[in-house]
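Worksheet for the structure shown next.
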Amino acid sequence: METVLFYLFAALTLASGLMVITRRNPVASALYLVLCFFGLAGIYVLMDAYFLAAIQIAVYAGAIMVLFLFVIMLLRLEPTELPSFMNSWSKRLYVAVTLVLGGVFLGLDLMRTVNTGADSALTGEAGAIADRLFNRYLLPFEVTALLLLVAIVGAVVMARRESPKPTASMEEV
Amino acid sequence: MFDYNHALILAFMLFTLGTAGVLLRRSALVVFMSIELMLNAVNLVLVVFSRLRGDLDGQVICFFIMAVAAAEAAVGLAIIIAFFKRKKHVDLDRASLLRS
Amino acid sequence: MDLYPLILAFPLIGLLINAVLGRRLGVRGSGAVASVAVLLSFVGAIQAFIKVRHLVALGDGEARLVVRLWEWIHVGGFSADLSLLFDPLSVVMILVVTGVGFLIHVYSIGYMSHDRDYARFFVYLNLFMLAMLLLVLGDNYLVLFVGWEGVGLCSYLLIGFWYDRMFTTKMSNAAAGKKAFIVNRVGDFGFLLALFLIFTNFHSLNFDTVFAAAAHHPAATGVMTAIGLLLLLGATGKSAQLPLFVWLPDAMAGPTPVSALIHAATMVTAGVYMVARSHILYALTPDVLTVVAWVGGLTAIFAATIACTQNDIKKVLAYSTVSQLGYMFLGLGCAAFGGGVFHVVTHAFFKALLFLGAGSVIHAMSDEQDIRRMGGLRHKLPLTFATFLIATLAIAGLPGFSGFFSKDEILAAAFSRQPALWGLGVVTAGLTSFYMFRLMFLTFFGKSRVEPERAAKLKESPPVMTVPLLILALLSIVGGLIGLPPVLGRHLLGGFLAPVFEGLHHIEGFGHAEHLSASKEWLLMGISTVAALGGFLLAWTRVHKVGDKEGLFAKSRNGFYRLLEDKYRVDEVYDLLIVRPLSKLARFCWRVVDELVIDLAVNFSGLGVRLGGELMRLFQNGRIQSYAFFMVLGLVMLLIRVLVQQG
Amino acid sequence: MTGLLITLGKILAVFTVTMLTVAYLTLLERKVCAYIQLRKGPNRVGPWGLFQPIADGLKFVFKEDFVPAGANRALHAVAPVLAMAPALTTCAVIPFGSTLPMFGGEVNMIIADLSIGVLFVFAIGSLSVYGLITGGWASNNKYALFGALRAGAQMISYEITLGLAIIPIIMATGSLRLSDIVAYQGAHPWFMIVQPLGFLLFVVASFAETNRLPFDIPEAEPELVAGYHTEYSSMKFAGFYMGEYAAMITAAALIVTLFCGGYHLPWLENLNFFKEHATLLGLLHIGTFLAKMGICLFGFIWVRWSLPRFRYDQLMKLGWKVLLPLGLINILIYGLFTLKDSI
């Protein structure tokens, strides 16, 4: 049952991941990415990482991707051209090299096996993770909170409407 | 129970997909999304190893990655918006402010 | 209250006060501050003298006080303290330095009263006193060297004091200062090398340690010779000996009190002091000592001949100084270290007096220095004339005056060690007498050749200037009494200095100074008196008698005279041999080495960087994705390496 | 196997009840509206207009399914489903009763008693915005897009308040499991009483989350025609419509569960009579839950027809500058109280 579910989720994840990078329309990409996150959340659940699964949905799907969609809609981005593999010499090179190296890597990786004997049946309950977060990782946790605050302020400053009369030099840039 | 090796391979493939997206797509937004894809692949690896080692630290790091990803998304999207306001596009091929 | 440990502090305080407040104090206030500072130092020197004399009188051989101020440098095996050594030699030196220095400070108040930069002048003077005291009192070569450089700096600053004036038509005062500095550098270079050698061989720079080590375990002869010669090189630079004397005549560009203080009485004797201080090292290398003697002797006659033809009152005195310094070196070279120091003392009195007298004349003559435009001044400047005359008699070595005794002691030593140099010395004595009386006659006797507008302003200098003259005149007369030859009485100075040169007795060939027999002494004294009188007579007949006639200053002279007048053309020779090749070399370095070799290399490396940059630009194309691509490429390579390595 | 069947049965039951409630909620809304406005409301189809929802449904089915030109067909079709799914999914973790003895055992009246129930609710709740955004954007209509953007902004803003409002509850119960929270309220006073400020915040935020008046900016007929579903018709529109009411039901259920003691009925359920008859107690709990939910839903409707709509900037200001700080202060105060107790 779990194995079946895993492959289902894996297939969902991979397929939607592929869609993310192949869709012309950024909105479609974003929605497929959400789907991909769902797949991952499912796999997390299969590994008893409930808290992470919930956070995955709430944060990634519920917050970050909504932000993406917002931006896409705000900017009214037109569907972009897909990479034209045939006319860009450098991109052909990129793809070739990446695929070859990635294939080599994958081949090498497949030959190796992780010791899966020691399955710990560990469950990622909220309480256990909270215990870690607020005891061992309290400082990183606080720092992360600060980071978020800084990011918000930075984002607001950056995306703020520019002054009504931009200087000439700014226009030139 | 499913084979954790396969989960790792899934993570690798997801990461490769993300990498390909970063390298190939011209739209800054899609590149950004591809980066999220890569981050998620890493998260998956972390969760798998956390499970294997019987140690929650991997999941805690996952949590931090998500939090940082949120911050990164906020800033990154703000940059994209600011860029778009100037250039009226988010095409990375035409984004050459670094070029004198 | 003992002032002598603070002897350095007074000039320092004085110069600080003058540096900060000098302009507000006015010339009198500023001068008073500087003078009082030196006076306090002088009092300290007297106290030190009394203490040291007491120790000498006890006669236990260790007649010395050491005041350790603080540890200065302590690096690895090397340590140098800033500590003051009061022994008979240094006490004599500081007495002269502070005493004469004080008089000259007082004199300067009058002399510089019309100068706008009096404060700067007094700052320099005090700084000079500080450096000179450091030089003389340091108990190791390093402190001595600091003082050595310090006085060199002050000399440079004071020669170029009127930096906006021209010294001669060809040379500005600043250039004269630079010349002095650079020529001194040559000597300092030798001095420094000598210090390095001393340290590497004796592992210390402290006088006692070095001398004890050198006396008991002398280094290889070659090394000792090298040390001696290099120290001598330093001394010739500072004390204006052959071949490095050329700067001293040009140093006359400075104000006359400076010439008196630095370039006659004190600083130039630093070389003499240093050689006397290092007497052990020289005694261990008799060959070098011979070189010292010959350098001194040759310098003495060389400069004396030039002095005979000069027409600038200060130039005559400058060459006279060089000549007298030569005497001192002659004395040192003949192992009469005490005699050399004795001549330093007497020379300080009468040469300072001469310079100050000359300064008085120049002051009265509204800065005219050419004796061809003087004459008959004895009526207008009676005090100056009287003191100048005493100084002349002293330097000429007429019996009874101070110069007679010190010169006699040196000549006696030369007679017993280097008869040839004795002959040179006697001839020099005659020449000295000649040029000094020539100067006297042309300046103070005969008819006045003074230009009318200067003659109108001609009047005796104020008391602030003449009182020092009187005191110095007194000292010039009686100064010799401290060093009477054995036939006449006790040699006070020699007895006082004896503990310093105690170490010499242990060295072969420097046992108890063999005294000449009384008859020989008398004979020698007679000969030098005759030489002096001969010089006077020559001046009387050749200068005073023909003084007013046409042609005295005409150009038609024989070749030798012109050579003398042109100072043997040493400057020209140096110019030809050293300066021009050097500037050619510098030009070569500029035009060829710098512009062709270095610039080309730099340009080539620049080109390389540019080409490299062009190459790197292919990667730094400003496209995020290509950067990301290279990152991924690197990552994949890294991973492959890891995987291959593991398995 | 029995477990699976029981679970499937529960899913079926909950789904049926919810959909029925949705249907009759529309009727209820119109009736309440009418009575508030001193009218009678629908009364032609069946007695008191009871068949009106069925008639409406039929009408939706037979209407033309119109897709505007330039719309993204796929997304246009998916959007209503996305709007409806989260609301229905949330129902899975809500305990609508205690237990009923059935099939020779006790059956929990909850589909999935997740240990992270509250998180699940929020995770899924945060997805409800997708339906609106997708629909608005896929319609290729500027009103629809504006409506969608506003909906997105509003839901993201108020979700924070929603989350902050229940943190004291989690602090008190020490569990994210909804059944634990309900059980806690069985033994202690309801959170509605202990946490009046949290309750208020939660209710206000719930109104915003469900896009009900006074926060129905996304629709805002006068400005945006009909907001994100301007270009929708037929069953697709029905999807949105049902989604909205389903969200309302979920919100009401959550309010009841979190603040109003869930299925608990004080005093009455402690009678000896019920201790002896477990089945009756279970039925009583279910009835209590449904009754509370009904009162809540009535409140929703009541408010809708009583209050005017906020302006967009007012709405944002309220969300960020009033509710968010209040939520934080609430946590702080509760934290201080807890701290005092623990010391």
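Odds and ends about this structure:
Per-chain numbering from 1; labels A, B, C and D assigned in written order.
By definition in this document, a residue touches a chain if its C-beta (ideal position, glycine included) is under 8 Å from a C-beta of that chain, and two chains touch if they have at least 3 such contacts.
Owing to the predicted nature of the structure, the values given are computational and were not obtained by experimental measurement.
Innermost chain of the displayed assembly, by C-alpha centre distance to the whole-protein C-alpha centre, is B. Interface comparison, B-C against A-D: more C-beta pairs in contact at A-D.
Distance from the chain B centre to the chain C centre is 81 Å, each centre being the mean of its Cα atoms.
The geometric centre of chain C is 106 Å away from that of chain D, both derived from CA atoms. Note on chain placement: the centre of chain A and the centre of chain D lie 30 Å apart, centres being C-alpha means.
With centres set at the average Cα position, the gap from chain A to chain B is 4 Å.
Contact with two or more other chains is made by residues 625, 629, 632 of chain C. Residues of chain D in contact with at least two other chains: none. Residue positions 19, 23-24, 97 of chain B each touch two or more of the other chains. Within the complex formed with chain B, the chain C residues making contact are 621-625, 628-629, 632. Contacts from chain B toward chain C in the complex involve residues 19, 22-24, 31, 92-93, 95-99. Per the touch definition, chain D reaches chain A in the complex via residues 72, 75, 114-116, 119-120, 122-127, 129-130, 133-134, 137, 145, 148-149, 152-153, 156, 159, 176.
Considering their complex, residues 1-10, 12-14, 16-21, 23-27, 29-30, 32-34, 36-37, 40, 43-44, 47-48, 50-57, 59-60, 62-64, 66-75, 77-82, 84-86, 90-91, 97 of chain B touch chain A. Interface of chain A with chain B (complex): residues 2-3, 6-7, 10, 13-14, 17-18, 20-21, 26, 29-30, 33, 36-37, 40, 43-44, 46-49, 51-52, 55-56, 59-60, 63-64, 67-68, 71-72, 74-75, 77, 80-81, 83, 91, 94-95, 98, 102, 105-106, 109-110, 113-116, 118-120, 122, 124, 128-129, 132-133, 136-137, 140-141, 144, 147-148, 150-152, 154-159, 162, 173.
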